[in-house]
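The two complexes that follow have chain A in common; it is paired with chain B in the first and with chain C in the second.
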Partner chain A sequence: MSEDREPVLSVRGLKKHYPVTKGILRREVGQVKAVDGIDFTLYEGETLGLVGESGCGKSTAATSLLRLEEPTAGEVIYHGEVPEETNRKTPLEKLRTIRGDDEAREPNDVVGFSQSQLKRFRRKAQMIFQNPTGSFDPRMTVGESVAEPLLIHGLDDPTERREITEDLLERVGLDADDYDRYPHEFSGGQKQRVALARALVVNPEFVVADEPVSALDVSIQSEILSLMRDLQDRFGLSMLFISHDMGVIREICDRVAVMYLGEIVEVAPTEELFRNPQHPYTQALLASIPTPDPRQRGLGIELTGDVPSPDNPPSGCRFHTRCPKVIQPDGLDLPQEQFRRALDFRHQVEGGDVDADGATELARARQSDAATGDITRDDRRRALRAEFDLPDELDDPAAEESVAAAVDSVLDDDLESAGERLSDTFTTVCEREKPELERTDENHVAACHLVDGSETVETATTEVADD
Partner chain B sequence: MSLLEVRDLEVTFDTDSGTVHAVDGVSFDVDRGETVCIVGESGSGKTVTSESITRLVKEPPGRVTGDRVTFDGRDLLQLSKRRLRKIRGDRIGHVFQNPQGSLNPVYTVGRQVAEAIRLHEDVSKDKARERAVDLLDRVGIPKAGERYDDYPHEFSGGQKQRVVVAMAIAANPDLLIADEPTTALDVTIQAQILRLLRDLQDDLDMGILLITHDLGVVAEVADRVVVMYAGKVMESGDVFEVFENPSHPYTQGLLDCLPGRGGGSDGIPGSLPDPKDPPAGCRFADRCPHAIEDCRTGDQPTLVPVSGGDHEASCLYYQVGYDASVVRSPADRDADADAGDETFTDGGLVDGTETGSCDADGGMRR
Partner chain C sequence: MAASDADERARFEQVDWDAVEPSGGGVGRRSALFLASLAVVLAAFWYDFAVASPDPLFYNVGLAEGLKEPFTWDVRGIDWLFSVSLLVFVFYVLYPMYENLDRTKAYFDKLTNNRAATFALGYVTLFFFGGVFGPLLVGQPSTDIPATSRPPVSAATPLGRVDLFSVLVVGSLCALATWGLLDSLDRGRELGGFGDVARVLVRVGLGFLATFTLVGTVFNVFSLASFRTAAGIAAVVGVAWGLGWAVRSGRSFGVEQLRSTAVVLVAFGLLLVVGIELLQVVIYDLLQFDPIAGGASSTSCPAYAEAPGRGSNCYGTWDYPLGTARYGQGLIPLVFTGMRVSLQVALICSMLIVPLATLVGTVAGYVGGVVDDLLMSYTDIQQTVPAIIVYMITIHVYGRSLFVLVVVFGLFSWAGAARLVRSEVIQRREADFVTAARSAGAGHWRIMGRHILPNVSNTVLTSVTRQIPNLILAEAAIAFLALNNIMLPSWGETISSQLKFIPDGWWMSTIPVIVLSVTVLSFSVLGDALRDVLDPRSDS
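What follows is the complex of A and B.
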């Protein structure tokens, strides 16, 4: 489907790192890698969904590709013109050129745009935010708010501005008379309609919508979604639609990109993704959506733990610390659940999160009812295993030996040898090697060692470097 | 007798521009070991209902009246403030939507949990600390002993909600009222919290009253459902009955507009009626695809049994003399979904759907 469509925006290797500073000199002690090298292409007239848990960097991706925040690295190629290179540069840009650290960029790379180019670019690219209340000035009438972009982009005639605005308010299902009302007089859904009108008033080519319906009731949600679909058809818009809600994504998107910890792990057409998810993270996301059918209870695959911190992302596949399908090494033959738990145990030991005292505490908590008698070494051993849901005897003798030895080392407060012992046995390719994006279908790519694609692709885009 | 029996509960708020009827004659029961979900749009009065059970509603401007709210044989509406305080937290635990707002940022998490324990039990500081660590461990905070001295900002959203749950169950309550406990969380974390609530319920044999707007969550955890709209109960009954045989047009509309079902529904056109001056007849009549003239006169129709068990709906069509098949058949529903094409009929104002919004607005204009 993407073959005959023109790309509007190609994002390549986009990164946004935030420095972590410390002390009065604001020494940089680390970096939060909010977005860490993502690629995707947005085609004309399509809606591309960007989905992931909170903290995975989806909003940062949106703001840095519009340069509301300066990206750290990468290219954002805009295919709908703008360039017309001007020589006017801000002092900062001049300084950069003099210092020579401004790498050579494509002329139509948004990251390299000058301020005046950026202003023209933003006529083509608009954004809608999650919180409709926070995105309006309470002292401006909604008409003024909607008309403001027109003024900024040089439409000086007030009557014409008003005419365009009133027309647009009607198109989003409001009344022309609403021009003179204030934001507080509108409900959340109506405010989101006004936000849509404001985004469309400059006749943009694409719109970035950051969780536009998350703050709304379900009954209002579907109203707004159907309005967005409608307007998209009428204005021929392309849309980057950011959401954490798989249901909403399914409703409105043509293609979906799944993000985890600053990286895109899977891209596929919507129905294909829902029918045939390849990446275990996508599968887990889909499984945790509560279905509105009380006969289908049980929340599917459980993801243990929270998203790891992006300032020190896990090596290899970033999902391996939570992945229920993490790959076992050749020598091991454990039920998948036991392997997962053994790995959790290993990570905790390596992180210094368990120790002998902790085991004693656990053992005491477990026998708190009886509350008498001393706690034997055996009690502590059992408590420790129970804490990680490890059975008393693992199904693989080699694994069992290793876990038993590690538990004993932990009880002797010798975490180092416990960690060594475990990391010798419980290794996984997911931790050592970063999976490449594999193509499984014409438009379907996923980055997982389990996925056996027809070819390995450099980027998640279908058109590969044609310029 | 049920653990909690709410009969004909009414809550009103006096505002400068009139009296808001937030809850208007709501009745339901919660039993031990049972999960009852109250579901509805924002502004339907579900939160006020849950808060008025333990009289957390500020009085004045609020006023909680009603036939009775019996908890374990005692009428909470008649109790003195001191007695109520003993019941809150001790016998009835509360979990609110926003875990951030439920925790004090300047105290350590452990201290706050220990405080919840010492409020209801006369125990030493050390003993309270021990109990607090146990509780944190029980709600699934890893390394509870070490995290005891951490501050709320050092916890993730899901963990904060776990801490709030720990505080709510500190005194082994008989009833847990959870107001949108997972709305601020990601789906993967939401699944973890729902599972936690279910496990705790099994352990403690608690009754749970869960307030939510998400029918997916309802389907996942509820035993019984109460559907509220504009302060009235529209439909209630066993979760299987309500989902498989939704009888009130409002419930049908809510189920239809769940995203991701491929239906491409246009939602329920219109918005909630003015709570200061509710319309005559059925409150939902203005947005109902089946509404007839009779729906707009008299009072809200009484709840009548519509199918097996205690499944009831408040819709005129189920009363004697009307043709119930109009609203009952799903085929009809689909046909009508197409007819309701004018999505944009809600151009009107929303006048103070939330109480006190007038004051806030006045302030903004100035």
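What follows is the complex of A and C.
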């Protein structure tokens, strides 16, 4: 659906890494890879949703593609009219040119824009923020805040600024008299209307909306969403809409990009994505939408394990530590759930999160109050297995042998050999190889080893999504 | 620019952005006025300093550091700094308050909810005008050896002889006590009724004071007419303003108000009798403070002031309503010149502290990184150097003067405020509204000037108001250590030089002590109240 439209903005391999520094010399000891190479294209007049859990890098992606933060790497190609270079370089830019560490960039790459170009570019790209309270200067009237972009971009006539602002305030459903009121006199929904006005006032080509309705009541959310849709239709805006709420995404977006730990794992038109999600993470997200039907309660896919830290993301497919559909090696033939549990056990052992004392504690906790007998080694074995939801006997003999040996090693406090034993048996291609984004349908791409594989991804979630 | 239809208002989508040419940011009206006034002051200073050096333009206008001549303004000393700081105060404190009249009124209402803060604000206002105009009005304290050690004027009452100063102090305390008493007795009706009368009286008083100050200063400086004429004019203006307000406010003044006033006055009178009796017993009899000059007294008093049966001792006379010091300097001029000195300390130090603290704090907080580390390390180091030590070293090089004192204390007292500003800026820098401004295309200067500075200005204002009492006390302490310019009659100098005449000449040091304490207390109370009122967290 979007192929025949003109692209507005193409993001290519955008990365934003935050250095983790230590000591007074600010020695870099690591990096938080908040955004680690994302690609997408925003087309004219469309709303592209960017969805993912909290902390997966959605907002960082937004701020770095607008260069509110300098991206670490990547290109942001702007397809509109590139502001001309007014050849006034700031001292910092000059220094950078002298040092020559600025790689050659396309002339229409936002990352390569000079400060003067960037300022002109800002008029065409506006942003809306999540927190309606924090995004207004408490010392400025609402009107001054809305008119500020006009002033910044050189509209010097105060009367004209005021007229434009009052007109716009009325068009977003407020009153012209609100110009002289202060932000704290408004409710959250009203403030978000003002935020819309501020984003629109310089007539931008596209708007990045960073969770614009997450802080609002549900009833207000739909008002704001329909206002956004109206304004978008009227002015032909493109929008990058960031949210963690699949319900909101479904309501407003034309296409959706799903992010996990700084990477995009799936992009598809909204209908297609909800009907036929390809990536297991998308499926899990969709399954997490609460349904009003009490009979369908709890059929969702549950994710196990913690969200990995972005300063040390997992190798291969980043989702493999939590993926319910993680691929088994050829030699094994376990039920999927058991394999998942065994992998969780392995990660915990490797991470040093279990030990013999812990197992004793677990066993003691499992013993009912009445039982007073000593804790046998068998008790502890069972407790450890129960903790990881591992059945007493795995279905595959090779796997069972490995788990049993590992449990014994753990009880002997020999985590190293336990880890070795487990990692020999429970391996997965997801951990070794990084899946590329693959096209499954005309407009549908997903990054998973299962995609294009023999397994067809038809799950219970499709029913949920189809209502 | 957008060509809008005649009947259409300008709309955002009609703006032709390609045609918009930003004109470079000009200087605002306020800054232009300020710069012009500053240029005038600096030109006058330069003229005095370079051209008219032997016979300066501003000679004979104001207060010199020292007692060379009455009405000398040594423009090469502290007075030009004082003029500049007055300009700064007018253009960057009073003018913005006038510009945002609504917000000022809101803050004022919040402040006046706090009773102590209301009194403090009132006193600080008097302090400001007294400091600016007082010395011009009452003149310099000049030695008058025959009038040495006169006590404050006193009068015989049925309760015994009382002096003017004690009556003023006891009267103020009794007025407060009356208020508190009626309040605690739940006589809201009487207080309310008297409140209207009091409002009129306050306006009459304010009108009188303001007019008298201005007119009297003009008359005095240009020797046009006597104080009596000025007082007459001022009384007419004050009464006219008070009555005019009473009519305009549409309040009815009838029996109810009369009754309330009578009740309040009776209560006040009773308390005053008790107060004066206490004064007689505790102060005069027990502590031996006498309204008649004692052992340190003069040897020659006018015939009409001789105290019968007390040898050569005499009563105070209206020549010197609050009495005189050891060398016959009137205490009223001493109080007002001291007020000028304290005001100079407060204003000039603030003028140095505010920009320094704001600049260092904002740059450190906004830029961050190595700049932050360096600036804050320097601040820490500077905080370990007491200003008084620097002052002691500096006076060995440049001699003792108020100029050195305010410059040293101003330059060494900003560290705490800078730290506060920095933490506030760091908090604001990460705020969404700053990101919003950046995404709108605002540059760093605009963000600092329009978004961050207005949001930290309250922090600076509060912190400086709370610093002022310390500075005034530091000046007094330096006078006590005899490290000051002893020719400059500041409060601290008067107190330390007259303290040895207690108890015979008790009024010589007690009066400046009381004024100094009230000043320090008022600034502290006002600073605390401002912190509560201006805290942006209490806005939401």
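The definition used in the following text is that the second predicted complex is superposed on the first by the 448 of 467 C-alpha atoms of A that agree within 3 Å, B and C clash if a C-alpha of one lies under 4 Å from a C-alpha of the other, contacts with A are read in each partner's own complex, and residues count from 1 in each chain.
In this section, contacts are C-beta pairs under 8 Å (C-beta built on N, C-alpha and C of every residue); 3 or more make two chains touch, one makes a residue touch a chain.
Here the structure is a predicted model, which is why all the values come from computation and not from measurement.
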Which superposed partner A:His153 touches (first chain B, second chain C, both, neither): second
Comparison of chain B and chain C by chain A residues contacted: B
First (chain B), second (chain C), both or neither touched by A:Asp395: neither
Touching partner for A:Asp413 - first (chain B), second (chain C), both, neither: neither
Which superposed partner A:Glu163 touches (first chain B, second chain C, both, neither): second
Which superposed partner A:Met127 touches (first chain B, second chain C, both, neither): second
First (chain B), second (chain C), both or neither touched by A:Ile24: second
First (chain B), second (chain C), both or neither touched by A:Arg139: both
Partner chain in contact with A:Asn203 - chain B first, chain C second, else both or neither: second
Contacts of A:Glu337 with chain B and chain C, given as first, second, both or neither: neither
Contact residues common to both interfaces of chain A (with chain B and with chain C): 138-139, 184
Contacting residues of chain A [partner chain C, same complex]: 24, 63, 66, 68, 118-120, 122-123, 125-127, 129-131, 133-140, 145, 148-150, 152-157, 160, 163-164, 166-168, 184, 195, 198, 200-203, 235
Residues of chain B touching chain A in the complex: 41-42, 133-134, 137, 142-143, 145, 156-159, 186-192, 194-195, 213-220, 222, 239-240, 243, 253-255, 257-262, 264-269, 271, 343-344, 346-347, 349-350, 353, 357, 360-361, 364-365
For the chain A and chain B complex, residues of the former touching the latter: 53-54, 138-139, 173-175, 178, 181-182, 184-187, 189-190, 217-227, 244-251, 284-285, 288-297, 299-300, 302-303, 306-307, 348, 353-354, 358, 361, 365, 368
Complex interface listing, chain C residues touching chain A: 1-2, 9-13, 15, 17, 20-23, 373, 431-433, 435-443, 446, 450-451, 454-455, 536, 539-540
